[in-house]
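Below you'll find the structure I mean.
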Amino acid sequence: MQGEMSAAQLQHVRAQGIGEVILAVADVSLAFGGVKALNEVSFDVREHEVRAIIGPNGAGKSSMLNVLNGVYHPQKGVIRLRGREFRDMDPHEAAAMGIARTFQNIALFKGMTVLDNLMTGRNLKMRCSFVEQALWIGRARREEIEHRRTVEEVIDFLEIQHIRKTPVGRLPYGLQKRVELGRALAAEPSLLLLDEPMAGMNLEEKQDMCRFILDVNDHYGTTIVLIEHDMGVVMDISDRVVVLDYGAKIGDGTPAEVRANQAVIDAYLGVAH
Amino acid sequence: MLYREAGQFRSTYSEDQQIFPIRQDRIAIGLLLVVAFVVVPLVANQYWFAAILTPFLIFSLAALGLNILTGYAGQLSLGTAAFMAVGAFMAYNFELRIPGMPILVSFVLAGLCASAVGIVFGLPSLRIKGFYLAVATLACQFFVLWALQRFGWFSNFSSSGVITAGKIEIFGYVFQTAAEKYLLTLGIVTVLALAAKNLMRSETGRAFMAVRDMDVAASVIGIPIMRTKLLAFAISSFYCGVAGALYAFCYLGTVEPEAFNLDLSFRILFMIIIGGVGSILGSFIGAAFITLLPILLSVLFGGFSHLLGVEIPHAWISNIELIIFGSLIVFFLIVEPHGLARLWQISKEKLRLWPFPH
Amino acid sequence: MNVSFFFEVLLGGLLAGVMYSLVAIGFVLIYKASGVFNFAQGAMVFFAALTFVSLVERGVNFWFALVITLAVMVVLGIATEKVVLRPLVNQPPITLFMATIGLTFVLEGLSQLVWGSQPHGLELGIQDVPMESLAQSSGIFISQFDLFAALVAGILVAVLALFFQYTRIGRALRAVADDHQAALAVGIPLKHIWAIVWAVAGFVALVAGLMWGARNGVQYALTFIALKALPVLLIGGFESVPGAILGGLIVGASEKLAEVYVPQMLNAPLTEFFGGAVNLQGIESWFAYVIALLFLLVRPQGLFGEKIIDRV
């Protein structure tokens, strides 16, 4: 997908751009009533890398993402983001800290246009009070235009100019997923969490989405954590992979290492535990 | 042919963001304002002002308020009339008890009092949704009415709870005639409608719609749910409060708490359902519809009576009115849940292509 | 404080609450089976009572009138399902709720257009007088009529419970209430079920209409009974018949107690505070709602309702 370079060469080039650990998950355990979703999971994420979380169904991948985002609060363990430690962060704080995400079942605002949905991604950067907005003078007007400009860059990047005034509810599934990515990008996040961004897409759509994800990582330097089922995609675009099974971590390393890990193979083939 | 956009290019974002991006629309609105502000006062008679135009404007404002809360922010409210009542009675009290208080300031303060009440009764929206919330707003409706009737202070201890609005004087000019009251109301409503449109096309409006469409997702992207919902209640109640104050001062002159009963709340809800939820224009269309329909029916039945030589009892007419209202609600919900405003939009789209079919 | 008076007020409130429950049960039935909150239930109660009373006044035999009214309610229910609900089948619950508000207005207009708008009295043979035996033995005055209403409500709930639990149709109704798609998948005829539910709700409305009509007279104000049932549902949960009973008891009791005791306790101090006449009577117009509201803040789904989980 990336032209003439071999996979190994590509990985070498990418490894040069990866920085220090910015996110560390330590011994996180999460339970819902009697069901243990996560069992003392620990891993780290380095700046500028693409980190994949994989595992069989029900392994706890979405729960892990929800913990990173503050939607779920783990009973045990801590999350360290750029030196700050927390367990009880709420999603609002997470967003303020530069974490943006997409969802497995698209969480777009169906009543609004594509443009408006993307603009909501800018909400944390908007400073004007509602009174100024009601009067539509000076600062409010300028702010609206300035944010529109940024959002238009995202629209150009994702090639969705032709549908910017279309109500999101009318778009096909693949485009909705792209718009959701756009809304996350509009927030100019430093950490992007993607929950199965390619679920339900055909081959072409997947290729496009891969291209966008890699471009985001290249151009904006955004650190990306993604959950994905398509092994081909995971092996091709991620720098490192975490493997979960029944809420516990069973593998952690480069795609090549994980692919050779017997425990991982057993989990996927369904060998009895 | 008339409605072609050919040749109208929008080359800056500010042009794209205008309320009326199409030149023909701008011309139409300009004409409408000229007619409303200049032509009508010269042409219309007392009856038109007092019975049709002024109440239409006041109800449009109330419908606008409800639309902000229910149409844009998705919080169903059945207590609209209660907020109007707060506005009416507080405006009366401010005028009465503070000598020399400018009337416009009284209106604004009355609106703010209504906002305060709105915020208090909007607090449950943080925990409950949908029609559970609607029932909570009924609590507001009943409580406010009861309080206005029971605590004599609100009606200056008049025995029946009725208040008589004082005179309207702005910088020495007294607004007395029906035409003058109409113009004052028109001015206030125009300004507030513009403010509402500005609000709804900026971040506040987007936050409201996000909360309406999927509030969990909204909070995940950073929108403060509590603040947004309470702001919706506050702004909506402000509009309803000002509408109530206008109702007392520019329309009826004397009001009692009973005038702001549950029936009125439903009526305003019907206005936004028929006119179009989530649409500023829809509020006006719905208000016009509901204000004009009873008059239309009376005229119609009067005509029938004349024609057939039979006297149709008034009770029949009001019952038929109920049936028609109810049926229309159901009809609109089935056929066009987005109301007349959407039908208007569709016809405009057709107009762009006219005389071609597609 | 007079203890026996307190008990009298309390019991009176509990029994009044049973009357509310009668109306609330109609709501619960429809909500359970079709997920629709039928705001028109109050109007249905009014329509049933008015039809019955008008027939009786025109000389129709009591039982005959009952049967005819029941038939009318059943037809009304089926027509409502067909004309109002079926076209709106996939819409969000708010839309359906607003449609039932429209339906309320139609029914109110129709009832009064057909039967006229003057109030009627309704005689069921039981008088609203205190029970002699009880009054004499313990000095507590409990209305005969209220006890009769409680008995009727009890029988109604028992019949409904048996119906839902042990008959094939009852089972089908429960299946539909749980999951429309699954019910369709096992071959349950959804449209028939909904028609049956609305017919049963119509029957319940008739019973409630008779009881309320006998107590307060059949007049336009009867439509507002539905509004009183709403706090009952908020407290008891929208999907539970026992919840409707319990909610009714709570609402009835607290409302009556507040009506009697709050003015007694607060009129004087508040009059002093405001320096003018303060009369706290009429508190029952909103008290039930505020109680329900406070309840909701603690337990948003009501006592017996199902917890709503928001998934992203």
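List of remarks:
For reference, chains read A, B and C in written order, and residue numbers begin at 1 within each chain.
The working rule: a contact is a pair of C-beta atoms (placed from the backbone, for glycine too) under 8 Å apart; a residue touches a chain by one contact, two chains touch by 3 or more.
Keep in mind that this is a model prediction, so the values were computed, not measured.
Of all chains, the one whose CA centroid is most distant from that of subunit A is C. Remark: the per-chain Cα centre closest to the mean position of all protein Cα atoms belongs to B. The distance from the centre of subunit A to the centre of subunit C, with each centre set as the mean of the Cα atoms, comes to 50 Å. The centroid of the Cα atoms in subunit B and the matching centroid in subunit C are 32 Å apart.
Averaging C-alpha coordinates per chain places the centre of subunit A 43 Å away from that of subunit B.
For subunit A, the set of residues touching two or more other chains reads 71, 103, 107. Shared interface positions of subunit B, i.e. residues touching 2 or more other chains, are given as 214, 216-217, 220.
For subunit C, the set of residues touching two or more other chains reads 312. Within the complex formed with subunit A, the residues of subunit B that make contact are 13-14, 17, 195-196, 198-199, 202-204, 206-207, 209-210, 212-214, 216-224, 231, 235, 278. Interface of subunit C with subunit B (complex): residues 37, 83-84, 87-88, 91, 93-95, 97-99, 101-110, 112-113, 116-117, 227, 230-231, 234, 274, 276-283, 285-286, 289-290, 292-293, 296-297, 300, 310, 312.
Remark: subunit A residues 69, 71, 90-92, 94-96, 100-101, 103, 107-112, 116, 119-124, 126, 128, 130, 133-136, 140-141, 144-145, 148-149, 152, 183-184, 187 touch subunit B in the complex. Touching subunit C in their complex are the following residues of subunit B: 76, 124, 127-128, 130-132, 134-136, 138-139, 142-143, 145-146, 149-153, 157, 214, 216-217, 220, 262, 266, 269, 273, 315-316, 319-323, 325-330, 333-334, 337.
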